[in-house]
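Please read the structure below before turning to the comments.
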Amino acid sequence: MAVVPLLADQEAGAEALAVFDDIRARRRTDHVNNFWRALAHDPALLRATWDRVQAVMAPGALDPLVKEMIYIAVSTANGCDYCVHSHTAAARAKGMSPAQHAELLSVIALAAQTNALATALSVPVDDRFTL
Amino acid sequence: MAVVPLLADQEAGAEALAVFDDIRARRRTDHVNNFWRALAHDPALLRATWDRVQAVMAPGALDPLVKEMIYIAVSTANGCDYCVHSHTAAARAKGMSPAQHAELLSVIALAAQTNALATALSVPVDDRFTL
Amino acid sequence: MAVVPLLADQEAGAEALAVFDDIRARRRTDHVNNFWRALAHDPALLRATWDRVQAVMAPGALDPLVKEMIYIAVSTANGCDYCVHSHTAAARAKGMSPAQHAELLSVIALAAQTNALATALSVPVDDRFTL
Amino acid sequence: MAVVPLLADQEAGAEALAVFDDIRARRRTDHVNNFWRALAHDPALLRATWDRVQAVMAPGALDPLVKEMIYIAVSTANGCDYCVHSHTAAARAKGMSPAQHAELLSVIALAAQTNALATALSVPVDDRFTL
Amino acid sequence: MAVVPLLADQEAGAEALAVFDDIRARRRTDHVNNFWRALAHDPALLRATWDRVQAVMAPGALDPLVKEMIYIAVSTANGCDYCVHSHTAAARAKGMSPAQHAELLSVIALAAQTNALATALSVPVDDRFTL
Amino acid sequence: MAVVPLLADQEAGAEALAVFDDIRARRRTDHVNNFWRALAHDPALLRATWDRVQAVMAPGALDPLVKEMIYIAVSTANGCDYCVHSHTAAARAKGMSPAQHAELLSVIALAAQTNALATALSVPVDDRFTL
């Protein structure tokens, strides 16, 4: 259970409702995720977070699917179960294949492993990796 | 300083040296990173890690550059400074542009932020995100 | 489910029961949290932990509510769902308003974001920040 | 060393320079931290991050000093050495006394300890902590 | 719920089934954990992970029970609830006593606490700890 | 550099000096680690931490060397470079062989890897692992 109630449309204020409407319009769905309903208690934080997601996850130098996979990678390392679920769903909606998911998992696991080794050995950065 | 000495070629055993040679041949460079020189104290771990890196980072359903960016994302979330440096260098060597690097950083920062919010609010996973 | 049974009063030994009694007396409640019931398998650890909580969380140079908010911040960054719940409840019991909670969440999210950026860029500490 | 060069004023573009000027004006100092100089490679990210810091860290329902202490707590749990240094300096500039710093450290250490215990025991959240 | 279906024997391909059989034979049980059933979507990752577990967790310079306790320690610090449960069960199956479990928890909690203090104070490594 | 000065003997107060003396006496050395010199600004925290270390790391149901290796495991997962160095030195002083160190590293790396996989897949805990 969330530490705040998830706000239904009729419980949200006008400012939060405007964000909900924007979410529905841009995502072409009636569904507003629990994450946004929990944030709706602070309409300013809800708005700032949603606007930032729109700005950062839009197509640019990186493909939107690549961005979702990077999101899954960070969410896994940070142990955020909600985020792993929501961004795996988002990545699939953007076309992630089972083979791509499998390779993503393999890279995440490999990185976790060598991160641990480099830290446990306190390996100094090679001169050629610094500017 | 590392918690073990970094082994120079002449200090490494035959098994470790064979991995060093493999690194040089596959990467077409004379340079063997500090990471591998620190691991060389345990030739079996060195071999297993290097072989796993080769298997996972090879081209497949995901582009090698995408894999390096996922690696940077995990290494950042895990706070591994060595890994951030070595994989940023590797991503650049594979063609990561400054614009791509900038977008990668923006996604990593956004994910860290919403991970924290979802955790601090303990948002329950939406039914539609589960199978 | 916990990895150890939560000990009811009648299952706890005399040493653990004495801590339970102390918890009830100081908190003016009949309720003993699951955390303490799980720790009761090791009465020495239960005692040491409870005594440390009393010593650290008491009023001092920092207000008890501020201490609870710091606790929530650490628990979020460490991904401890139990601790987020219990210390958010404790902060509310000590008077945390919804507006304070909202600002706390905003600071936690901002810090997570800039932590990630500083780490991904490996920014060197400014001379003026060192002694 | 940073994974990107720290941009001096004469190397920064007009957009980044405008943020540097804003930092100098609001903080009443000539010094622009390394963090901002590293971010200056992506003026949009620099601007978004600086604006967010201004919005979140301003006085509100929480005191600015309390916000800095929360920032230190998150930065510690995330292992961000740069952030620990810069926000400890900021907290001192906002009046944090040695006694307050000492209590902050005690709370952070206690939270890290009980976070680990709750996780290692997988303690279920008490019903009364959920809504 | 997992982000992929857990594969029952009749849903797993021949390659995954061969690993399931190996798990049953070596562990002398009919039970194949959810972890392996989730990994079975990528038979190559399943095989590589299972083989690595066999190689690393076998008796050697460290006792298998000690290895399981180290596993619990890492899993706790990484906040992996599944892993805490599965490796606590494994440690008990290898003879971990309640007293050993209690001491393990005390060391984990102490380390988390002093890790936080050393990080929040950015304590420089003593010369005598480097080579 | 530490965020507080490391206190030399002549700068430390009587309470902190008493702990330094205790450290020297119990460890049979003249050297007092930087960690304790940084903590000496808060003699109460210094005393509480040192006393806890003595209580927890003493021989008991687990061997002192095993405890040091568990400490290294937690410190690695938490990314505490100081702690990795100091506890690797302590483990060696208590007899950790290179072969034991190598196996410790292998278990830490394996755990980090499977932790990431279990989290990225959100594997549900098997019924048989719960009580």
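The first chain written gets the first letter, and so on, giving A, B, C, D, E and F; residue counts start at 1 in each chain.
In this section, contacts are C-beta pairs under 8 Å (C-beta built on N, C-alpha and C of every residue); 3 or more make two chains touch, one makes a residue touch a chain.
Heads up on the chains, UniProt names are A, B, C, D, E, F = Carboxymuconolactone decarboxylase family protein.
Being a predicted model, the structure only gives us computed values, none of them experimental.
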item	value
Repeat of the D-F interface, chosen from A-B, B-F or B-C (over half of contact pairs identical by residue number)	B-F
Identity of the chain that, by mean CA position, is farthest from chain E	D
Chain whose average C-alpha position is farthest from chain F's own	A
Averaged-CA centre spacing for the pair chain D and chain B, given as whole angstrom	26
Whole-Å gap separating chain D and chain E, where each centre is the average of the chain's CA atoms	34
Length of the line joining the C-alpha centres of chain B and chain E, rounded to whole Å	21
Shared interface positions of chain D, touching two or more other chains	1-4, 45, 49, 52, 74, 76-81, 84-85, 88, 102, 104-106, 108-117, 119-122, 125, 130
Topology of the chain contact graph, where touching chains are joined (line, ring, star, complete, other)	complete
Footprint of chain D on chain C - complex, ascending	1-4, 6, 31, 33-35, 38-39, 45, 49, 52-53, 56-57, 60-62, 66-67, 69-71, 73-83, 85-89, 97, 99-100, 102-104, 106-108, 110-126, 128-130
List of chain F residues in touch with chain A within their complex	72, 76-77, 79, 81, 84-85, 104-105, 108-117, 119-122
Chain F residues touching chain C - in the complex, by the definition given at the top	1-5, 48, 52, 55, 125, 130-131
Complex contact set, residues of chain B against chain F	3-4, 41-42, 45, 49, 74, 78-80
Complex contacts: residues of chain D adjacent to chain F	79, 84-85, 88, 98, 101-102, 105-106, 109, 116
